[in-house]
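What follows is a single structure, written as structure tokens, with notes after it.
Going in written order, the chains are labelled A, B, C and D, and every chain counts its residues from 1.
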């Protein structure tokens, strides 16, 4: 009754019940709850999280993409004549604990591959998070499997509107995340790397721009088990229950 | 006098001498030879290779991108209102033999990163190979460092012209490479993976298409030390000297 | 009837049927065949292999231990007042293809462990190969799991008889393996390493000696899938059938 | 004047100044201080550590060996007619931060090797810690390089005196380490593994015994950067300065 639920399963992430059969393989049993669930991308949901009873914790890949891109869309910096292309790479803990052919050491070690092209369940979650229609391919998402234990790095390609400069992106990020304890803006030439983010609760974000053309590469990194799962769940539970956002995390 | 040179250094890959200072860090001493050097992307240069005396062996990254994309451009399948985005990942042998902070085991293991965004010397080589202007960013290339010894996987994003289907791509590839012993077309749902291509002389190519929008993901894989270097050099030397293309390779 | 069988399963490696229930988990159905099976450690069984119909291909670990130690025992160089201690380390292909918790990438990567101390089925095979009683612990064998795909390295501790020098060991090995195409003696200070032996059909052997005390460290390396399995099976089949020992291997 | 020094360099670990030229490559400049330095293997030096001004922090390998073996020697459980054989394996952080051929990713990955057989500087430190003469080879130590970032596992072979059982070892350890917050005794069949100890301040110890013969395998694991270096330094500084041993560690 009084319990606060932070759901890490994915079952309440998509607001459109019709997407569950295709992407999750089941008919949603409680579509009435989808509207009520708060999508817990903490940095953008603090108001709704206060006192929330049902929180859908975001997917690991979507977190790495939505954190850097939402502020740029909100600020109107991104041109809309080119899809947002998200090329994401994850360590093997993202593939689950069950031993399968896919997670056998010999399959993974010394290799690298794409998987579920155009079909991953995080694709509609990313489109929803960006406020873009899933079917139009305004956003393209490709997951890859890295031969490491933990960590996600997303390389995201966007086109900026004419005249937008690197400093504009950094300024938007710095303002958006001024009070966000778990997002780190890389403002110099150093880009985020998995080794900086692994085993930490941070989402690291950086960018490189070809200012002549507005073509932009956004790089983000996080630990898929922490900011991509458990520590973000803690951020959400803390806010829902009125605790300090970082309690138990730092 | 009669020697045939297959140069793996990169010094003759770019035809425009003006690009060397920026991307290679030196003023070219023999710009007169740049015109004469044959760019040895074997599958597209067999005629020029016969009897050639100076062959510029292609870079490892460019090979993985040019092999699948050139046929699609030649066949007119790719729309021109969206850049060709090449997200490439390489094992550490691609970073050279010299011990540096970058190649230290502890730096690489359990990590993953981008490097030289918009500045890699293979970027103008890819643009030249595709016949696209380097400066217009009609092609974007991002290299990444994988924690493995050898192998490259490139994930390439293109937009097809209206009405082009997956079957059209496969048909173009199958025709182009019908007599190419070292290109393998993945025509089913299985995509190329580094483990299939590593320690082989093949460039493997596959694709997935969202036919509603024409958005297309091309996946290619090769061994950076073989098809990306030594075995392609052998292909080239064999053809230049009149031997069978596969001599000493299979 | 006329078929020659090279069995890689282990079912005919131990001559004592009584050991199967304990180490293999089954009562042997055909103990009568155990006497007839040739134990195919090629370098020591060439005579018996000619025309053999049932060949028990040795285990991967025993091969790495028996190849360097048998010649030293035969030559009477090893003191008998100290057990022969075999500390062996194998890549994950040695653990089989079935996905299990043990072979999950995340279990293996960035870790290292012992397993089946005093209970591995290769322990009695090593004792038998050395002509030592299994129960006396004249030989101790400890397997470990390495976070690599393929390769075995064994570090073997023996005590030499008084006055035996490093040169004596090397001389015995060089004579024993003078005509053995797949054993390489490391006669200088460089010791065998997995990277030299992996993906090759060789068993590499080397040694370091503290001549004041006769304490000796033998180091051997091989590819568990080749000299430890498939290429040794080919050596054996070749000899059994009258072909050149190296046919199809080099 | 009042400073307390915890030296991690190795320069004060050996009490015998004559060993420095051979094992460290320098003539010791202050042999007078060697007597005064406290060898900070915390669990065995708490009395001397209180108020100590110069503490020699133990080597990573010696810590993994001395922690389990000293109590067994002190309790008189180990037979003296067989050397103590220490087969130790370390991750690459143990090899230092300087990029060298030895630490290049491609050298280490998918490989495994021994190094400095009979010559490692930790060998005399282990002998000294066990109270055994270095030259008699009563202890043999072999280091190996694992393709992982951090962690040490030592497999140690000892012979017990007649009649000593596994329970006797466990009892000695449990009594010795009853108040030691950073030593964990594995009393069941599970042996220590690097993945349990990495990124923790613990030294984990376990054993398997062939009771018929008294042959015993001791397995220990620790993080070479923590219990093998920094966290043990903190334990030592804490005790020297009168703080709680675990302050700043847990």
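We take it that a residue touches a chain if its C-beta (ideal position, glycine included) is under 8 Å from a C-beta of that chain, and two chains touch if they have at least 3 such contacts.
Not measured: the values here are computed from a predicted model.
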Residue numbers at the chain C-chain D contact, same meaning over half shared and different meaning under half, come out as same
Looking at Cα centroids only, farthest away from chain A lies chain C
Chain C to chain D, mean C-alpha position gap in Å, rounds to 31
Chain A to chain C, mean C-alpha position gap in Å, rounds to 50
Whole-angstrom distance, CA centroid of chain A to CA centroid of chain D, is 43
In chain C, the residues touching two or more other chains are 107, 109-110, 147-149
Chain B contacts chain D in the complex at 92-93, 97, 99-101, 103-110, 147-149
So, in the complex, the side of chain B touching chain A is made of residues 81-83, 85, 87, 89, 107, 109-114, 117-118, 135-137, 140, 142, 144, 146-151, 153, 155, 157, 191, 193-195, 198, 208, 210, 212-213, 215, 217, 219
